[in-house]
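Letters A, B, C, D and E mark the chains in the order given here, with residues in each chain numbered from 1 onward.
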């Protein structure tokens, strides 16, 4: 919490100063970002390029673990934004990051149900009822471990019909009506528009997922990389993230 | 293990152009080197415990069962399809052929979505299926369907090619000897196109065994029910890429053994 | 558009067993219905804007370029490989055949990892490649390599089947007429196996066009450089599955057109 | 079974009408490319004529016209509206022995021969039994267990013959069955066919006069896609009216118009002979005589033969114990002694003479 | 080019030694399955004998032994240690016309014939020119632009002949080139071959005596995988020592041991004749005589012929203007008049007589 707040304050100050010193920033960077950040980061990138004419930001979106192994294999990355702390930790352990990663957003789980909520789900406990088809993420992926955590906290034993590989897969099953309910992130429910309906539940606070970002050591344009990190943690970035449903870290 | 070769003894190979061996070797290297690189990275210490874990064993068993089942389905439906495409002429045949090819180019995940749209609870046939009391989604049946959907075109395309290359001179002879179409099919067409059918079946089996996107989208991923080896590998990769590689090795070995066994039993006939 | 058919005029089809049409129709339905279901779900209103967006157009162009390039590579390397497998006998040939088949069953994601282990900066050949001043991983070259890696076995397997089915009676005649192996290859083997080669190339092209796992792992997903249409579709799906379906439709149409064009130009020869 | 066939393939220039009475054998003779195999393939159902009509007894196997037919449209008659009738090959009861053996490469020789009986519903054991008998008939039991690839050309042909005969069809079509056989097998197989064809309805394509003489009741001569001559074997071969029939019968034939008992050709040749029917003056007619009736001289002799024809020797070939001397149109048989006396060689100018009493003249 | 070949295929029971002198034509005769095609395929390089040795002039095309050879191991000689020499088919300068035409289905008739010349490096235009000439020679220019599938059997065979001849090889191998041809084409193609083969080294497989007589300098008779008789054509056909050669020459042959000028067989038959060389008593010998020298009776006549053989008629067939009467071992030619007088039919018991002066007896 501490590092984050300082990060956000620095970013807001440098965000204003950035427009003043924009002459110093030029060139191109590649940002490796978790696939779930595609919409928001694309928007932030566009804002960033507008604010700093002459710069180009390109993105490589994929699963966080894919991104880490690509970076480990020498991919030309300047910035890494992970969807969980675990994958960022792999990068820091391998001393790939320049400085400490900064948390820039967080996310909590929500129950997603098909429009009209045919199974009449109202609480996490409903998911354990017999005959209800629930899908969750597999424990090996971030949203799955979060789901396990909340279940444990709420002492609810959900018997899912499927343990999906990613949030997208869970959403797909719910949106198509195949499953009666699923556990996904708030941002995912929001992103899916009217294809699913979100049901908040109190126990979700027991598993908060944070999103860290860091410039990378091997970057050939370190200052631009740092500037992008600051843009994400700064006001403009935070605004875009908040609009997509992300909570403050 | 030398393959039993159908070439009559004493018949010398005609000799290929020498230069052919250069690209052939390069191509082979290109395929083999990554496999070697993979082997060098495997931590053999933990290999045994890894591949004998409950989840790995369940995934392997499921993968084998479903892939064999979908290969059988591919043969049952694909052989007639290839026959109709290769041996008849009808208006719109080329459109039919293109349609059958489509799953080839459809990203598997989208194929899974399309299957959901069709056989899912709210899909085109969802009502019918529910009335029949069937339960497809999240079941092993769904896995087999997804695999069949992506693998079928492989069998059809390669078999159609073989049927056309083979021609129908022997089918004609059989007909003039009084053989009905079914007899011609079973006793002439099928045995003569066996090498092509075997290739097609191997391709379909391999495609089914490696199938990931359509399965995860249409069938989900539950240990022992719908989580096939590729899905298991994908999950392992989240936590331990090397474990995923080790599991892949198992997949590869299993596939090779199955394919070798089919080939052997065929040449033994 | 009726296909130009090689069957001589006046030659009546021998007639297939009537029952063949039943499984053929069921199989065709199984493939076609999901596609129809897909069509019914597309929001045609936003279709135009969606498929003409910058990122979609870039992805489509990249997909076409890379798939065609890797199909060419598959032909260049795969035809010699199939020839060597079908027309020579050597110790260890069956092992060679199995090795070449492996990428078929390797989950594509693991294939991508294997490629990274080989051609990545820290890979088996990483040093060599760096010394040569090349940068393979995360470039368009990497996309082509990934696609070639997964597509090559399709061409090799189906072509080997066709070569074996066709036999070598005409190659023998050509040799006794004094044709050197290269001439035999170019003027006899190749033209006679053209239907098989076409099938194989279509399979390889389709596989390359739909390739996802190995590409995202080995080449990454950079717009205009490595983000092919399947990757774009995958990303779209994160936010908007229907957009992904619409984009897939584009992919399918493009693939069908390309395949139809090749077939047409071939039959026109 | 009685066959009536009219098949037309305008593209190939083929328009043939053939009839075979029940139980008889028709030999189809004619030069390469005349349309013999085309006719057989049409009757067997492997080719669909552009127009025509093929019937076996009362059963229509093929008809082009839209004209309705009230025959029983059994389960196998696939009628397409506006396309006439079409019975697929397997339902015709017609067996075809094609010009190449085309043995099934994946079946043993025995199973190749058993294929027909099994297709007719015979159980495997009985079919193999039958096959073994037929293999015995063509002296090929020794190969029963081999694959066709391990047979010589003549062996394969014998097996193909056995395979065709083993089907016991209503109508048997044989396309040059004996051409690959050696001088020892050919007579044996010819004997076999003679026995077997006696009461079967058969069409036999051949280039060998012996086959026609020994096996066929009737002969049809096909040239350029048309039947130019048809009739009982003995009549066609002794009194041919077509050049090809004369050639195959080893006779000289001069075609022209009748003038009394003589035939004159547009080129000015005139052959006198004996005419046994009254020929219309100027009607088309042929003069036919044997090469052995021809005398060969270097100079025109001053003797009785009224027919004297000059020519240039194109070819000399042994013919039995004599030598056959060919000119562009005619042939003569002389003894080797005469040959060396005359010092003949290709290019020599010669005079052929024939007594009118040796020449048969009749309407063409 | 002089060919020497020794090829052995124990599995097929084939062990042949053949020699053809430069510029000469050897006719290979023998029953079906004797090993003729096997021999040609070995010489062409399509089959590898189990053991043996094939040389063309001094060049070793194949040898089995490890024995080193000091011939120039040109670029095409792929020597495998311990396996002897092996020249691949295309580098042998040997053209093979196989028993089936096997025209390339994807090339026009013209390009089929041009294939050989083009493979030898001739530019396309010139090769087509050459091909057109050869097509003209076999009377097939009309089909130049067709695909092989649109040819009749005989037409395809003619094109295949043109294709083989157009390569102008060192050694030409022809496997039954004329068997699919009609009575009009066959003589024309035979004339063509006679011109073309005059100065080429050739092996010709045939079942037709005419081919041997007209085209071949030498004859080799193959039976059961062995050469049983070899020599100049006239000698082999007039004084055969093998049953097959006698049969193809239309002669009666009785094999046995010499007793004076007579030959006696193990079955007790004894044929007296004239012997022009001194035969060792008890040495293997044959008695040969023409069917036309044989008299046919129902009862043994009380006349001069010293050779009287009883038998049962197996077959009657027309032979020129006579009828040939076959018994199990011998044949006799009689006139149709005599035939009807004797009331002969298969199964009749007959007595054959031959004057000793008509029988040649010589060493086998």
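Heads up, the rule we're going with is that a contact is a pair of C-beta atoms (placed from the backbone, for glycine too) under 8 Å apart; a residue touches a chain by one contact, two chains touch by 3 or more.
The chain list, named the UniProt way, goes like this: B, C = Molybdenum transport system permease; D, E = Molybdate transport system ATP-binding protein.
On a predicted model such as this, the values are computed, not experimentally measured, just so you know.
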Report task. Note down the smallest number of touching-chain steps it takes to go from subunit B to subunit D. Result -> 1
Query raised in the report: With chain centres defined as C-alpha means, what is the inter-centre distance between subunit D and subunit E in Å?
Result: 25
Query raised in the report: Taking each chain's centre as the mean position of its Cα atoms, how many Å separate subunit A from subunit B?
Result: 37
Report summary line: Whole-Å distance, C-alpha centre of subunit C to that of subunit D, is 54
Report task. Check each residue of subunit E and list the ones that touch at least two other chains. Result -> 45-46, 88-90
Query raised in the report: Can you list the residues of subunit B that touch 2 or more other chains?
Result: 14-15, 113, 117, 123, 172, 175, 180-181, 184, 192, 234, 237, 241
Query raised in the report: Mind pulling the subunit A residues that touch 2 or more other chains?
Result: 69, 172
**Report entry** Chain pairs that touch, as defined at the top of this document
**Finding:** A-B, A-C, B-C, B-D, B-E, C-D, C-E, D-E
Report summary line: Counting only contacts in the complex, subunit D reaches subunit E at residues 30-34, 36-38, 99-100, 151-155, 157-158, 175-176, 179-187, 191, 207, 209-210, 213-214, 244, 247-248, 250, 290, 292, 315, 317-321, 326
Query raised in the report: Quick one: in the complex, what on subunit E touches subunit C?
Result: 44-46, 88-91, 93-96, 98, 102, 104-107, 115-116, 118-120, 149-150, 163-164, 167, 169
Query - Footprint of subunit D on subunit B - complex, ascending - result: 8, 169-170, 172-181, 183-184, 187-188, 191-192
Query raised in the report: In their complex, what parts of subunit E are in touch with subunit B?
Result: 9, 11, 45-50, 78, 86, 88-90
Report summary line: So, in the complex, the side of subunit C touching subunit A is made of residues 113, 116, 120-123, 126, 135, 137-138, 216-217, 220-223, 225-226, 234-235, 237-239, 241
